[in-house]
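Below are two complexes that have subunit A in common, paired first with subunit B and then with subunit C.
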Partner chain A sequence: MGRYILKRILWMIPIILGVTVLVFTMMTICPGDPATIILGSLATEESLAAKRVELGLDQPYLTRLVKYLSDVYLHFNLGSSWISKISIVSELKVRLPRTLVLSLFTTALSFGLGIPFGISAAKNQGKWQDSLCMVIAMIGSSMPNFWLAMMLVLLFAVKLKWLPALGIGAGLAGLKYYILPAFSNFATGMASAARQTRSSMLDVIRSDYITTARAKGVPEKSVINKHALKNALIPIVTLMGTAFGNMLGGALIIETIFSIPGMGTYVIGAVGNRDYPVVQAGTIFLAIVFSIFMLLVDIVYAMIDPRIKALYTAGSKKKVKKEAKA
Partner chain B sequence: MSDITVNAAGARPKKKSEFVRIMKELSRNKLAVIGVVLIILEALIAIFAPLIAPYDPLEMNLAETFMKPCAKHLFGTDDVGRDLLSRIIYGARYSLSTGVLAMIFGVVCGLLVGSIAGYAGGQVDNIIMRILDVIQALPGMLLLIVLASMLGGGFLNTVIAMGVGAIAGNARLIRAQIMKEKSAEYIEACDSINCSKFRIVMKHLLPNTISPIIVSASMSIGNYVVLGSSMSFIGLGVQPPTPEWGALLSDARSYIASYPHLVMFPGMAIAITVLAFNLLGDGLRDAMDPKLKH
Partner chain C sequence: MSENMNSPYLSVKDLFVEYYSNDQTVKAVNGISFEMEKGSVLGLVGETGAGKTTVAKSILRILPDFGCQIKSGEIYLDGQDLLSLKEEEMRQIRGNKIAMIFQDPMTALNPVMTVGDQIFEVVKLHNDMTDEQCKARAEEMLETVGIPKERYEEYPHQFSGGMKQRVVIAMALACDPDLLLADEPTTALDVTIQAQVLDLIRDLQKKFNSSMILITHDMGVVATTCDNVAITYAGRIIEYGNKEQIFHHPTHPYTIGLFGAIPSMNGDDEWLHPIEGLPPDPTNLPVGCSFSPRCPYVTDVCRQEGDVPKRITADGHICFCYNMDKVGKEEQ
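Moving on to the complex of A and B:
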């Protein structure tokens, strides 16, 4: 198991390097001259040229790419924003946690609601509970998150004045600022969690060992919660990883609506300003967080499925290799 | 002679195509039929927008700004007096077509990349898959934002950005299908009669592997409609004054407290469209996999 994890962590290195090169290249192709954006359209040609030299933009693409890679990966220097001159690391330190809190909050919410929905739908397959849960899931997944966000703000912040409409707060009381953003972003995740739970529960409920458990007289509650759910959870955990990735992406939009100074507002703003170092660093960090979560999902996956776990603990090197490839 | 032909025809009962079976199954699913009807209705609205819309969607009327929904303007008017209903009707053109076109673009490119990787195998496959790994390490929305700003705003560029963002997933799916089908006997037979690789892939492999892609693609259209309007909403997609639904929402954002109808109607238009595509997609999935059905 340890070997597999190590292998996966090592595999992250080329992926992240690839992401760096990809984003760097895409930003280079981006139309729009950063010097003009920084100095404004009225700047003279000389000052623009001087700015380009200062930013290193006069160098050829490959030289800049190599310099950036060595700055980031050999000297661990992400540089600072071209616009605000603030060091990127210090910004990331404050902003990344906010985005993570929002994404985790949203994921917890969508799975906390979606899994029970899916279970009750599967338990009552074909009855009204099933239809109700699936209709809720269907409507939930059809509403664009940014629209839901505005509707929630309208109701809970403008009309009822229960929750703050935007911004962030300090400490535990600050958590209430995340309630509306999390609820606006959870619908899609909840819908897919509910559907996945329903279908994998249905698969499991039909299997022989569930019939055996029922025949033995095991109470229905424990048949569902102990016997069926454990096996049905495996595909749900996989889904959770992808869902978290989607939340991370969805958070970008939600952050701009609620003016949460997280990664989303940082990166989207920087893209608009052609602030290359910020876009690159922000993207790399989000990709790293994303990859780490995917790895965690795989580890949890192995933990809850004894068949996979056995493969790692007792299996030969070859087997591990096979699994890593898959 | 005629006897033989009759016999030959009789001995081989016509196999019902999978497509016909799925369509039959689909027509029995009430929700999916509702979805299809809604989609057709919206497509008609989009096509005949100039005939249906009561006003010009771009015509400003400063005497009638911020009107609440009334008999003259069913959905009210916006900050410069444009009729919201007409704008939403015209918006159907952009929102529907971004979704469908992005899907097609993503599927075609995905097919290309995936079939090359799947059929060629070896180093080529390895390199392509590692590149896809890198692309998929980025959260989708982030990739889309960078792509959109690289290409610039506008209708076509939004479609391309969303399509490119979808290539990796589609390519993976088609590659898995092709690898499964590649070792089938009929492909070996093609190889043995010196069929060109291009012909094998285009004529034999793709038609036999494409149906799961079609289903997954039609299920994703709703997603693209949302993505497209999110892009316009943050100002990277279709640009105002084009009456795209996301752009309408973005325009209305500042007036949400005083004129909520400006936000309500475009959002509902998006939600209904997405719902229709999701209903169809769900129906298709159930039809493909009868195990999940009620």
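Moving on to the complex of A and C:
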């Protein structure tokens, strides 16, 4: 298992490199001249040319790419924003945790609610609980997050004044600033988690080993929680990986609505300004976060399902067996 | 309890079970009644879809909650009415007094639990023992079915089909059940393994002195294992008797057809003799005798509305056929 994790971490290197090259290339192809955007449309041709030399944009694509890769991966220097001149690393340090907290909070919320909904729907298939859960799921997936954000702000911030409408706070008390953003973005994730849990639970509940468990006299509660849930979780964990990716993406919109200075607002602003270093660094870090999360998902897989664990360790075990036979 | 001494150990009376799907009603079991003595082995024989498994699941009350219902009937085990028990009381019986061996060992074991834990679980549920004692019992059961106890911590995917079925058997017998329901225990297995597993079940059934209902469509298995045989067709028992009666003097045209479909080892038949036609559609059973559309002896009376009357010969051989006196006579 340790070998497998190490292998997966090593695999992240080409993935991150690929993402870097891809983003760099896309920014180059993208129309729009950073020098014009920085200096404004009234700037003279000479000052624009000077700016391009300063930014290194006069160099050919390959030269710039190689320089960027060596800066980032050999000197660990992400550079600084072309617009604000602030070091990117210092920005990432404060912004990345905010986006992470928001995305994890949202993911936890959607699965924390979606999984129990799905279980109760599957357990009571065809009864009112089932219909209720599925109606909630349908409503959840039909509400756009920006609309839900507005409605929540109107109710909880404007009318009831329970929670802040926008911005961020410091320390543990600052967590309350994440409540409305997280609830705005959780509905779609919750809906898909509930539906996936329901169908996966129904599949498992109908399977033979559940009948076996019942035939052994296992109490219904243990049949669901001990025998069924662990098997049903396998596809749900997969969904959790992709859902976290969606939450990261959704955070971009939510951060804008709630004026949270996170990765979303940072990168989106940088895209508009053709602030190449910021876009590239931001994307690389989001890719790293996503890769780590997917690795965690795979580790959870192996913990749940011994068959998958066996696949991971198969290489080394087979060798041992062959040696034993010889 | 003295009256229980005379009453049969297990008796099923007029059991009706229906499945529902897409506004259709599937009549799976249509008035099955039988009795069996303690320690005996009853073979429940019939084609796929004849309602054999449903009968076994009804006895254990593990039919799915959704889309399935026991319409009517009574099931008595040792004088106790199983269908009127509370769920919690029934749960105490499952795996303890009545245990079931399932058809497909590939899917009958939970893939994410070790085989040892799965046996341990049933022992722990029904016995007032410490964890160590339960584990020792589970290991003992593994050894009983011929699996080294070192494999306790292994998962089902590490076992072959025959080994998995041994685990299922170990699980079923772990609490010394009085009644064992074996639902086609060898159907999913390799022919070479079938005999081993069957021998194992039979030996253990004798050792533990359990009664057993063996569900099968294999007449060879019936011949080697059962004391009594019930032939089912379209959710009804159409013939019931002891092994000799069924094998030597079958009286129902369907039973005769079943034997006709077995290839003879010493004859020089070029073709098998299948029963013409298909089993009836359980959503739309024929009026009168369910076998009438396929029966070579069919007469007008067979297609009359109403159940076929039960006829018992002097030695207790039961047959549900209007024309049983004519059946098989013309060939001799």
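Just so we're on the same page, the second predicted complex is superposed on the first by the 310 of 326 C-alpha atoms of A that agree within 3 Å, B and C clash if a C-alpha of one lies under 4 Å from a C-alpha of the other, contacts with A are read in each partner's own complex, and residues count from 1 in each chain.
Here is the rule we use: contacts are C-beta pairs under 8 Å (C-beta built on N, C-alpha and C of every residue); 3 or more make two chains touch, one makes a residue touch a chain.
Source: prediction; values computed, not measured.
Asks: Sticking to the clash and touch definitions up top, decide whether subunit B and subunit C on subunit A clash or fit.
Replies: fit
Asks: First (subunit B), second (subunit C), both or neither: which does A:125 touch?
Replies: both
Asks: Touch check for A:150: first (subunit B), second (subunit C), both, or neither?
Replies: Only subunit B; A:150 stays clear of subunit C.
Asks: Can A:267 be said to touch subunit B (first), subunit C (second), both, or neither?
Replies: first
Asks: First (subunit B), second (subunit C), both or neither: which does A:290 touch?
Replies: Touch partner of A:290: subunit B, not subunit C.
Asks: When both complexes are superposed, which of subunit B and subunit C contacts more residues belonging to subunit A?
Replies: B
Asks: Between subunit B and subunit C, whom does A:98 touch in the aligned arrangement: first, second, both, or neither?
Replies: A:98 sits against neither subunit B nor subunit C.
Asks: Check whether A:51 is in contact with subunit B, with subunit C, with both or with neither, and answer first, second, both or neither.
Replies: After superposition on chain A, A:51 lies in contact with neither partner.
Asks: How far apart, in Å, are the nearest Cα atoms of subunit B and subunit C after the overlay?
Replies: Between subunit B and subunit C, the minimum C-alpha distance equals 9 Å.
Asks: Touching subunit B and also subunit C: which subunit A residues?
Replies: 125-126
Asks: For the complex, give me every residue of subunit A touching subunit C.
Replies: Result: residues 125-126, 206-209, 211-220, 227, 230-231, 304-307, 310 of subunit A touch subunit C.
Asks: Could you pull out which subunit A residues touch subunit B in their complex?
Replies: Answer in residue numbers: 14-16, 18-19, 22-23, 26-27, 29-31, 125-126, 130, 138-139, 141-147, 150-151, 153-154, 158, 199, 202-203, 245-246, 248-250, 252-253, 256-257, 267-268, 271-272, 279, 283, 286-287, 290-291.
Asks: Write out the stretch or stretches of subunit B touching subunit A in their complex.
Replies: Contacts found on subunit B: 130-131, 133-135, 137-142, 145-147, 149-150, 152, 222, 226, 229-230, 233-236, 246, 249, 253, 256-257, 260, 263-264, 266-267, 270-272, 274-275, 278-279, 282, 291-292, 294.
Asks: In the complex, go through subunit C and note every residue touching subunit A.
Replies: For subunit C paired with subunit A, touching residues are 57, 60, 62, 64, 66-67, 87, 91-96, 99-100, 102, 104, 107-113, 121-122, 125-126, 155, 157-158, 168, 171.
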